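Both of the next two complexes hold chain A, though its partner changes from chain B to chain C.
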Partner chain A sequence: MSKRGGNKDKRCGSTHVEVIRRQFHGALVSEEWQSEEQVTMTIRADSVPDVVQFLYYRRGGWLSVVVGNDERPINGNFALYYVLSMEEVDRCICVIRSEISPEAGAFPSVAARVPACVWGEREVRDMFGLTPIGLPDERRLVLPDDWPEGLYPLRKDSMDYRHRPELAADLENYEFLNRAEPGTTTVIPMGPLHITSDEPGHFRLFVEGEHIVDADYRMFYVHRGMEKVAETRMTYDSVPFLADRICGICGCAHSVAYAESVENSQGIAVPERAQVIRSILLEVERLHSHLLNLGLVCHFCGFDTGFMHFFRVREKAMDLAEMLTGARKTYGLNLIGGVRRDILADQSMKTIAMLAELRRETEQLVEALLSTANFESRTAGIGILDPAVARDYSPVGPTVRGSGFARDTRFDHPFDGYKRTDKVARVHDGCDVKSRTLVRVEEFFDSLDMIQSWLENTPSGPILNESWEYKPHRFAVGFTEAPRGEDLHWSMTGDNQKCYRWRAKASTYSNWPVLRSMLRGNTIADAAVIVGSIDPCYSCTDRVTVVDIGKKSQVVITKQELEDYCRDRSRSPLSGRG
Partner chain B sequence: MNEILLAIIQPVLLLLAAPLFSGVSRVLRAKMHTRRGPSVFQDYYDLIKLFKREDVRTRDSGAPFRIMPVLFLATVLLLAMGVPMITRFCPIPALGDFIVVVYLLALPRFFFALSSIDSSGSYPGVGGIRELLASSLIEPSMIIALFAVAIATGCSNIGDMGNALATLSFTSPIAMVVAAFAFCIACYMELGKLPYDVAEAEQELQEGPLAEYSGPSLAMIKLAMSLKQIIVISMVLAIFFPFGSAVDMAPASLALGLLAFLVKMSIVFTVCALIENTVVRVRFKLLSQHTWMVVGCSVLSLAFLVMGI
Partner chain C sequence: MLKTLKGILKTGDATVRYPFAPIEQAPDVRGKPEHDAPNCIACAACAVACPPNAIQMKVDVHAGTVTWTINYGRCIFCGRCEEVCPVDAIRLGSEFELAVMSKADLQDSCTYRLQRCSDCGEYFASRKEVEYVAAVLDRIGGNGASGDSIDRCLLCKQKNDALACKDRIRERRQA
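Up next, the complex of A and B:
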């Protein structure tokens, strides 16, 4: 790997590189800076667990994501990237890269040393067929139970994105983990579709009476294969519009993160005005997302009046988004190098007026909520996220900030408009549902302040930088703080302006693994509010009822029929019925 | 003879009117949510739709699951014959004894819990256990409070108790006030409204015991549940607030009694709506702390009674 020019010692992360070079003789193969704050070190594969563990526990690193990449067409090897966010000394993004030869097809697992890597390594195993040696949990993560063995979707030579393989089994044979003595607990299934989550995720609560002894869950029921689609049929500049669609709430956070990953890898300077507009939109997203979660906390506690009132106020935040972006969702605004739409003077005036309204109404509602009977007893001391567990698993957002860690990408690694704010991360140390809720409340008001100050001092100038040249096979990280926590995207550009590899890590991905420990020791009554307190984000699916109003007939399509249709794409359940 | 007629008409009218009362509750709830809300007749539409639907049972369920809806509805109808509503006396005195009433309330509850365990679902199972536990926490305070009233008034019939309290022919007034307080709270818990709807907690247990029911069975249970709410409230009104109810079977006093009943009922429903929409559901584990307070109050009333104040 070639080093880019410039004075490398002034760059962030150079102390980490020096320490690694000194402490681990011969482990460091090369280092490369993608931007001032990002360094990628290529490490010999067998030293990776030591180096990641050292950076994680000794140098204040937190794991963001593990990225697998099939680089055989480029250099003949697979590559693994452990993305660490260094948050104590010499703050930067430190990426540990290692190459794995296709003949070996295996690598020493880091998860045994740093539990935060478990999901990442399980995903690499599913998607690339690389075996992490010593991985503590060898179940599938992303691929469904009936996916055939030996077909690894993200290998470049494995399959077309339209390919639908023959299914290997009809059974759902996922093994749920339960640490209790066999025969002492009853299983309470929550999901795949549960009334309070309204999205598919399968929880198993192992209970003694009302008491939750252990819990486990299965996710990825609606994995949409976006990364594969982006790699195979999209150009690098159309991916932001797909990234928007990752989430129904924080779409803008994803497209900003993707756009910044490309901007970092290509060295594109985003105009200041565009940076501030991006931050404003990100904070508008936070406004309506936090109001949503505050409403849901009410709902999970059985306080629907609060839920309805928070949603009434939230509608104003949606109006705000509509005025600024033209749609209720902050979608379709980001381009590589800037944004598509400017904020005009009168919009900015109206926004400031609406912010005042939002502030007043939310203050009243929050005050009412906190003084509502039983609210305290339902949220205080419930769903404890032990700081030690949090340190091991690197959760993000209000989930970790409710456990006393001031982790907030906006202030740890200031980007865009956040360079021009004096706010700091909000922290509570109750470790419970209440702390996480209070963090959200405070962040909501901080967002109002930040939007207002940016609108009042928006730098003038262009909103899009188009004078740059496309360079293939460059990679970098882009990140934002979505309402639920850090969204981190890793992307690599390819030939013909294609996206070679795109890894989108949504914030909830980092938060699921700690949920198991949060559920333990609580009661069934608390399960919904605990799951809700990480503000989880799944994706939606449903079965279908077909009602023919003309014939007054009603047909329910069974799961079997839908499954059959999904497999062979013939005999549509709708044909001949409507 | 007229009393027999009343005992037949009363449950029938109540059966027809119960969905209206629950419909009013839903409208009040919607107003407090700042929603437009459904029509007051929505519960009639729901019930009609449910009665047209197929009745589905889980494969492993047995007899208790099947008979519970019928038994529940039949028991509350029987109760509706005995509890005084527009009159001050019980239409059928034998059904108006407080011990009969309290245990007639306990009978469907027992089957309610039994059927939920029988339904072989895990959520109904947990809901059934909660229902049993909640009732064993609430029942003693109801019984003790009524026992105190029975001693103070010298009669065990609900109608006679109400009459004695209304005509001030009883001992220990302070004991009666405390008993009334305890009984009202116990009855509010018995209504199964928030914050005490632990057995059916939608967000926690997906409606608990009701989760496995469908079609006509579900309709019967829903009907029976709204009937039971009216009966529990009428019982409170008949004993402690009998004002305006008819003392004889003359048409004029019956009409006045009906009017008074409707007015009192709507006041109670409004108060209940206010309470249930401004609280967070109690954590099931903490329910016993709430019921201890009520048990304490009812025992206090008994103590005051013994002291004669």
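Up next, the complex of A and C:
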């Protein structure tokens, strides 16, 4: 494998490579640096669980994503990439790569050692048909129940992206996990839509009276097949416009992450002015996203006046986005190599004036929210995310920062404008909904400061670098800190200027697995607050069905009833029914 | 509580009169792409650049035409078309109210004539594009500007070049 120039010993990640070489004899096949901060080590498949476990628990690694790739047309094998963010000694992105021969079609599962890999390995199984041996949870993750066996969408030879296979089953046969004794709990399905974000997901709360004993959930009802579309229909430089559409709120975070993955793999130097403009847009996104979440917290606490006012103030952040990007959403601004729209002097001045307005109004609203009597009682001690669970599952964003871990991609692996700031990650250690909310409040004001300082000291120069040469079959990671946490994209360029493989990991993907533990031990009234506190990229359960196992009866509770109960905690929708 | 009430009084109305009055928009907002049909040379640069394939080109060899179409329902208002257009024939305007009663009304199109190759007679490019290239070459001046090869298709140009090359080699051998 080829190696980039530069002094090998000084590059980030070289100490990790050395330790792996020393401790695991013969496991390391080769290593390759994609950029100064990214190293990919190819490891013999049978040593991968040991190596990932070692890097994760002994060297301060956190798992970002597991990427599967069908590399049969390139080297005859499938490949797996475990992307680890090393956040203690020698900070860098460490990718553990292994090759799996198509004849074997199986690999030793890491998830039994590092629980954070569960979703990633389940997804690889669904999408590539590779069997993780020893995987603790063998249910499907992404594919629906009625998807035919043996059709693996992301294999290069499996299907056209327009293909809609015949349904293989009529029944929903997904098994929800419940650790309580059978028959001792009542089942409350929440879904098909969640209570505050109007997006589909299916939750099952297993309750004993009002107390949640266990919970399980299922997502991916609206899997859009974007990765397949990007690989087959689009060119590498039109994918940023698709990446924008992953999220209705942090679109820019996704397109920056994708663009930077390609820029890293191709060795493109992004002009400094473009880097700062990207960071400004990312923080503008954080402004309106955090205001939205704070508004929802008001709503959950029964402080609906505050909800309305947060949304009124949020509108100013949207106006800011409209002025800077030409659209209410920060969409369509990124190209490979830079950005498409400059920030002019008068826009910069107007922005600074608007920042002051946002600061003044939000300060008053936050004061009002924190002094609301309900706030403390509805959020303190609710939805505890145990730091030990957080360490095992690698959640991101305010969710993990509310549990005492200072994980923030902006400061762990400074990129773009974040190289020019002295801010640090905001942390609270209450582990509850309140801590996560306070983290968001503080980050909001940090964002204001950062935008202002970047606008006052924007480097001059070009905003787009177009003088570079396209090289196929190069891969790298790109990342940003979206309002909800780390967005990480892994991409590999292909022939004919196509994207060979694109894996987009949204921040909430990392946060779902810990939700189960956050829901346990709380009451039904807290469920919506807790789910809302990870600020999922979706949130409004239209209705909730209550199943009482003992009486074999079902009751449908409306969204309004559940919301009212969430606010007032009187008149339980369960009492006197079912 | 008192502060919140004061805040409410101070804020006044947060709502605007839209849609009964025009809404305030930022300058350079990205709205509906406006196509300048007379200026367009049907070169298809916008169709190649358009990420969601909202702009497409359809060639009809029987009629000898190429049709430029845009589907506003697919458009994501990114403005790549505006960026790549060599003749400024498409620009994003500020119109954003694009809802229609019938889906077909989301389509807009314009048909252009194709140019036949002067050698083989096949259609090879839009006539306006060929005229545009000829005009550009004329402006630059110099060798071969809008010469006899401008109305040949790529294949015939290659054949012609190959034949010219062959002739030159023969001449050199004879000399």
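Here is the rule we go by: the second predicted complex is superposed on the first by the 533 of 578 C-alpha atoms of A that agree within 3 Å, B and C clash if a C-alpha of one lies under 4 Å from a C-alpha of the other, contacts with A are read in each partner's own complex, and residues count from 1 in each chain.
Just so we're on the same page, a contact is a pair of C-beta atoms (placed from the backbone, for glycine too) under 8 Å apart; a residue touches a chain by one contact, two chains touch by 3 or more.
Note that the coordinates shown come from a computational prediction; the quantities given were computed from them, not determined experimentally.
On the superposed chain A, the two partners chain B and chain C both fit, without a clash.
In the superposition on chain A, A:C301 makes contact with chain B only, not with chain C. In the superposition on chain A, A:V229 makes contact with neither chain B nor chain C.
Of the two partner chains placed around the shared chain by superposition, chain B and chain C are both touched by A:H309.
By the touch criterion defined above, A:N374 reaches chain B but does not reach chain C.
When the two complexes are superposed, the chain touching more residues of chain A, out of chain B and chain C, is B. Of the two partner chains placed by the overlay, only chain C lies in contact with A:G332; chain B stays clear of it. Touch criterion not met for A:V29: it reaches neither chain B nor chain C.
Once chain A of one complex is fitted onto chain A of the other, the partner contacts of A:I524 are limited to chain B, with no touch recorded for chain C.
In the composite built from the two structures, the nearest CA pair linking chain B and chain C is 6 Å apart. Note: residues 305, 309, 312 of chain A belong to the chain B contact set and to the chain C contact set alike, using the contact criterion stated above.
Touching chain B in their complex are the following residues of chain A: 186-189, 194-196, 209-210, 298-305, 308-309, 312, 372-375, 377-378, 523-529. Touching chain A in their complex are the following residues of chain B: 29, 32-35, 122-123, 126, 129, 194-195, 197-198, 201-206, 277-286. By the touch rule above, chain A contacts chain C in their complex via residues 234, 238, 241-242, 245, 305-306, 309, 312, 315, 319, 322-323, 325-327, 331-332, 340, 364-365, 367-368. Residues 3-4, 7-8, 11, 14, 25-26, 28-30, 49, 51-52, 76-80, 83, 92 of chain C touch chain A in their complex.
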